[in-house]
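Let me give you the structure first, and then I'll get to my questions.
Think of it as A, B, C, D, E, F and G in the order they're written, each chain with its own count starting at 1.
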Amino acid sequence: MSGYDRALSVFSPDGRLLQVEYGQEAVRRGTTAVALRGKDCIVIGVEKKNVPKLQNPGSFQKIALIDNHVCLAFAGLNADARILIDKARIEAQSHKLNLADPASLESITRYVAGVQQKYTQAGGVRPFGVSTLIAGFDVNSNVPRVYQTEPAGVYNAWKASAIGRSSKGAREFLEKNWKEDLSREESIRLTINSLLEVVQTSAGNVELAIMDPGKDVEFLPSEQIDSIVKMLQEEKEAEAARKKNGRAAATSASTTSQS
Amino acid sequence: MSGYDRALSVFSPDGRLLQVEYGQEAVRRGTTAVALRGKDCIVIGVEKKNVPKLQNPGSFQKIALIDNHVCLAFAGLNADARILIDKARIEAQSHKLNLADPASLESITRYVAGVQQKYTQAGGVRPFGVSTLIAGFDVNSNVPRVYQTEPAGVYNAWKASAIGRSSKGAREFLEKNWKEDLSREESIRLTINSLLEVVQTSAGNVELAIMDPGKDVEFLPSEQIDSIVKMLQEEKEAEAARKKNGRAAATSASTTSQS
Amino acid sequence: MSGYDRALSVFSPDGRLLQVEYGQEAVRRGTTAVALRGKDCIVIGVEKKNVPKLQNPGSFQKIALIDNHVCLAFAGLNADARILIDKARIEAQSHKLNLADPASLESITRYVAGVQQKYTQAGGVRPFGVSTLIAGFDVNSNVPRVYQTEPAGVYNAWKASAIGRSSKGAREFLEKNWKEDLSREESIRLTINSLLEVVQTSAGNVELAIMDPGKDVEFLPSEQIDSIVKMLQEEKEAEAARKKNGRAAATSASTTSQS
Amino acid sequence: MSGYDRALSVFSPDGRLLQVEYGQEAVRRGTTAVALRGKDCIVIGVEKKNVPKLQNPGSFQKIALIDNHVCLAFAGLNADARILIDKARIEAQSHKLNLADPASLESITRYVAGVQQKYTQAGGVRPFGVSTLIAGFDVNSNVPRVYQTEPAGVYNAWKASAIGRSSKGAREFLEKNWKEDLSREESIRLTINSLLEVVQTSAGNVELAIMDPGKDVEFLPSEQIDSIVKMLQEEKEAEAARKKNGRAAATSASTTSQS
Amino acid sequence: MSGYDRALSVFSPDGRLLQVEYGQEAVRRGTTAVALRGKDCIVIGVEKKNVPKLQNPGSFQKIALIDNHVCLAFAGLNADARILIDKARIEAQSHKLNLADPASLESITRYVAGVQQKYTQAGGVRPFGVSTLIAGFDVNSNVPRVYQTEPAGVYNAWKASAIGRSSKGAREFLEKNWKEDLSREESIRLTINSLLEVVQTSAGNVELAIMDPGKDVEFLPSEQIDSIVKMLQEEKEAEAARKKNGRAAATSASTTSQS
Amino acid sequence: MSGYDRALSVFSPDGRLLQVEYGQEAVRRGTTAVALRGKDCIVIGVEKKNVPKLQNPGSFQKIALIDNHVCLAFAGLNADARILIDKARIEAQSHKLNLADPASLESITRYVAGVQQKYTQAGGVRPFGVSTLIAGFDVNSNVPRVYQTEPAGVYNAWKASAIGRSSKGAREFLEKNWKEDLSREESIRLTINSLLEVVQTSAGNVELAIMDPGKDVEFLPSEQIDSIVKMLQEEKEAEAARKKNGRAAATSASTTSQS
Amino acid sequence: MSGYDRALSVFSPDGRLLQVEYGQEAVRRGTTAVALRGKDCIVIGVEKKNVPKLQNPGSFQKIALIDNHVCLAFAGLNADARILIDKARIEAQSHKLNLADPASLESITRYVAGVQQKYTQAGGVRPFGVSTLIAGFDVNSNVPRVYQTEPAGVYNAWKASAIGRSSKGAREFLEKNWKEDLSREESIRLTINSLLEVVQTSAGNVELAIMDPGKDVEFLPSEQIDSIVKMLQEEKEAEAARKKNGRAAATSASTTSQS
């Protein structure tokens, strides 16, 4: 079956686009990113690679601002992602300039996914090796929204989703624990917990952004993340201990408790 | 015979375009879509994949509005379909702007199929992995019409048709049960029944659009679909029971009864 | 000899263009079309594929109007043919606009064949998988004319011709039975009989267009075709019976009698 | 040695252009064409393929008028030839428009050969599978001239030449029998005789054009050709008979007598 | 797995871009470069190949000025690097011209990395075989910054980093010895020591640039480098001697002491 | 070593351009051409292929006028040569128009060689299969000059040179017999003799052009060439006879005598 | 490892550009060129191939003037070199025109090397098979400078360098014998001696250019070169004789003496 997977934009006999599937493989090699909607907030968390000791921790953020009200997190090839981010920013700016109104979250998402699709059909280029989570609020209603795009150029809206290396485990955790109308604090805890489930959890390697309607995006300082991580790990251990001791954890009302 | 199927836009010795056939294979891997004409309505029903638990059910609609009076449902690659939908929308808008008259349903269909053909003959691009059902009313006469386009760029008008994964079974069901001048309710029932024939029928995974002349397209809320599905399944079971009991189903006048 | 037939626009060592020959193979897989000149009329008949039960019988006509006075029937890839038809229509319109005179039949034919040739010599595209019959009247003299074009870009004028799947049999039948100055009725009968010779002849699958000078093209309604087909089949059977009974068919003056 | 002959415009190790040679093969598969200069006339004769019974005999002329005073006959791919003819016509017209003077025969020939050369050196196109005979009179002196071009883009002037399937035999015949200052009638007889030497000679399949300075080209009606052919064949038989009878053909002064 | 690594911009089945990885190999064959931030200075040191005896030592500087306040050092293909340097210079100038303000260090870095990314995705070109260290001060705050870009188009900010042939060893040395708020002299010593760790250390083959806010970049003359190198080597030997003698090096407060 | 010689403009591992070498092979298959400088004249002689009996002997001259004072003779592919000749003529004309002065011989030569070089480095085209001899006088000093260009795009000035099929033998002959300040007649004799050395010497197949400063180029009529050829052959035979007879040819002062 | 070396601008797995290395091979097949700086002069010497007897010795100079004050010598493909020379000349002229100041030597060198680099990275072209030595004086200070560029697009400044077939030997000789502040005569002697070391030294095949600040470049006439060569060879033999005789060459103060 050699050949179908090398030539760009060619179907295999069973109707698949192998270069796109290989691009999704590049996503699967990327660090994990999680985004979820709370009652009236959005929390985005990303795994950070073990940054070499001398690299500036914040030098390349895996969560990028596209516009005041729109964040984009990604998994996959960093350099590819930056191109998408730059294109999305320009699109958002030119929308504002031309129409005197910020672009809706969906129109930005559709634009990003459209760029990704174009690179799967035209000759001479390869697909983007990137999945993205695009998050923000409806311009008028302030309803929080999270979209996900993929190398094939597909996009969907999610309540909570995860992409990248450990997305499968993180998403299963989210499915078990996400609920409608999470408070701001619950949202943060759930986001971090879903990453802790799958990431080697030394505290330093999580990045966190919190979006509230009408406010600037808050990038949580790493010390604050560390203290939350610590607290959550202690709770987890306490929980485990209670279980081990056979005692019923009658008073545990935490959203993030798990077996 | 290696080679004929990999190079774009090359005939095989028996005069076939293999890349187009592989693109049709991509359609056959897509979810099923059904559209049919009633007396003075059109009903479109599509199978929805088991949406992951946290994905917004309505985030990517497989039934898209091209214009006030034109719907497009598709089977195949989602990202490809979106490109076709965007192109069709722009074509419809620019037709309206330039000619101060909505484009006819057939001219939109011809446009979509023409785009699809172009991608089968020019070098450097692959065919679209998408079949579409384009439905609407004649601008003046309000006669309902359903067109179908294919990766090769072919289009035809249908009374009722189905595309995608289980299109063969759905179309056979339609051939047995479709009649001229179906009422609005009968049309809805037949559409859903034809999908239930072939789709793993947990109620949630059907999407339904109903078009009436001069009115906005009605996207049936999923609860309403659920209650219809439920009712139809009960009827079916009752029918089956009657059969099993050897009793004649004398009072059954339903269009959708089947053995 | 691998390679000569895959690369576009390359001669094989014996001076052939294999991609063009494969494109002719695509024509040979298409449904049959027949066109013939009567005294002062032209009749075009085409085989229609067994249309699925729910497809609109008339949804895609294999006989297309290029201009008021010009018809084009084809055999081969439908989607390719539509492109040629659209191009021919635009050419005909722009000729009228620029020169305030309808284009002659031959100039339209030359244009269509020229488009076909270009796709056999330039890189990056494949030949059209289509043969056409282009029919009409000389603009001033009202002399009926029938032209045929082929994937190679060749065209010729014919008294009567057939293209597609069963063109060989149909053309032999025409050679035996066509005469100068056929009346309108005789022309219709001969056209249908030539198709009945080669097509599985359930009445429904023939499409018929009749051109008279200075009048609109008449697309015969299928009921009318059916009654003619029926009549012709009865005649044929009667003829066969007479032969079988050894009786001389003294009174048979029909043009279409055959052994 | 695979490869040298497939890629366009690549030399083989011994300095040959194989695609050009294959294009010449396409010429060798074409029907024969002959052109010769008389004292003050030019005669062009071409073999016509056995036209199918119902094809219009004159529908595609192998002898084309480029300008009032210039004819072009060809051997090889018909569709390719038509492109060259169209290009030559446009060149001739635009020369007249721009310079208010008809283009000289040689400048037209150089143009045609230049187009052919370009297709042997540039990538992405194949050579033309066509040789041409371009004939006419010097604009001022009325001297008759015959040029020949080939797929490689070479051209030469000839007193008399032949191209296509049986050109070798026809040219040998011409070499034995052509003389300076042939009269109009002798030129016609020699042209036809040279074709009869090599072509299966049922009268109908010869096409003949006669050019006289300052007059329109005369395309001989086929009945007239038939009667000449008949006469020549009778002469030939008489000659053969005389030879057989051992009698000296003392009175035979015909230019076309041969052993 | 042949093929994935030769075609430009194609993913391998496991989602890698092999041409980019091979380009990183070209970097790994290049000479080593080191850059580090001091308290309010930046020091850049590069290994110089053994320059042939007659080559001008300073003829091709591996440390290039992009703008008054921005330096770029590189490892990899020299000719590729020069292209990046020229592009960066033009970008910096045109930013100044258009916006009447020097470009920020990060925007220059983003530009260089963007150029590198583009050459990994578009067809017809290969990636740049170059990694760069881009160093300078924040335009307003005078905070020193060091960025690193790679063939994939990725960039990051570093406190201290090394690229090229022996970057691994040099970076490990930096990780052990770099501290916040190094003085100007300590920075120079550390830079040279990190190179001496990995480079065959004949004094002549180190190049050194020192950046101070608001001043011109100082390219240290080689004699001065030589004397520092000599001093550092003596210290090192003394240190080694002390160790060997089992005596505690109580008074050694040098930043550059190592075991 | 397959592949290096097929792809255009690719070096082989030993640094050769095989397509250029194959193009030189095409030159080596071409007819021989000789050009030499006399005291104040230039003589160009070319071998002519055995022209078919009916081809106009002068129809394609292998010696072309580029400008009043510049001649070009070639060996190799005729059609390629014509392109070079046309380009050179246009260059010469446009030089005259723009600068009101004829182009110098060297600038024309440099232009021709530059065109040839371009076709060895750019993709999508093959080299020219042509070597040329470009001859003429310095515009002011009337010094005769002969340049030679080759498929690689190289050019050199010569006193006397030969290209094509038998260039090696002809050049050796010239090396033995060419002297400074040959008279016009001696130049003609030497040119013809050098061709007679290597060409099958039936008189008709030599073409000769003689250039004198400030005069039109003289193309010697073939009868005159024939008589010279005859005379030279007789001299040669006489010489051979003298030798055979052992007699010293004391009075032979001819430049062209050879052993 | 087939494939990496054929496709243009593709890295091999170990990060090399094989086409560039093959282009350097073409340089290594070229004739040797040497350039060196004296106190206030530059001498350039090049090996000349054994020019065929009848070729004009000076017809193609391997030392070209780029501008009044800039010379370029090269090794490798002549036709490629001429292109670089022409481009460099145009660049130098347009610099003068636009900036009313001659271009600096380095900016010309950077331009030439930049052209060479571009041909190693873009698709569809091959690298230049040429190395160059570019020599001249600083515009203001009259300091002599020699630059060298290579097929990869790299350039460096040299005190003295050699390129081409025997560059290794010549450069070693220069390393042993070159000193600062050579007089004009010493520079000439050293240049010739370095070539005599490696070139088969029949006097005629050396070309020599001497540059003095503010003066026209002096191309030494070959007789003068011959007499120098002769003298140097005699010195060399005398030296060898002295050595052989065991006598100390006490009085030998020549720069060029060697063992």
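The rule we apply is simple: a residue touches a chain if its C-beta (ideal position, glycine included) is under 8 Å from a C-beta of that chain, and two chains touch if they have at least 3 such contacts.
Since the model is a prediction, treat every value here as computed from it, not as a measurement.
Residue numbers at the chain A-chain E interface: does the shared fraction exceed half, giving same, or fall under half, giving different?
Copies use mostly different positions to touch.
Just give me the whole-number Å value for how far the CA centre of chain B lies from that of chain G.
One centre to the other, that is 74 Å.
Just how far, in Å, is the C-alpha centre of chain C from the one of chain B?
Each chain's C-alpha centroid was found; their separation is 33 Å.
Measure off the straight-line distance from the CA centroid of chain C to the CA centroid of chain F, and report it in whole Å.
60
If a residue has to touch 2 or more other chains to count, which residues of chain F qualify?
123-124 - these are the residues of chain F that touch more than one other chain.
Classify the chain contact graph as line, ring, star, complete or other.
ring
Starting from chain A and stepping next to chain E, in what order do the chains sit around the ring?
Starting at chain A and heading to chain E first, the ring runs A, E, G, F, D, C, B.
Could you pull out which chain A residues touch chain E in their complex?
Chain A residues touching chain E: 2, 5-6, 8, 18-19, 22-29, 52-56, 58-60, 77-80, 82-83, 86, 119, 123-129.
In their complex, what parts of chain G are in touch with chain E?
3-4, 7, 9-17, 110, 113-114, 116-118, 120-124, 147, 152-161, 171, 174-175, 178
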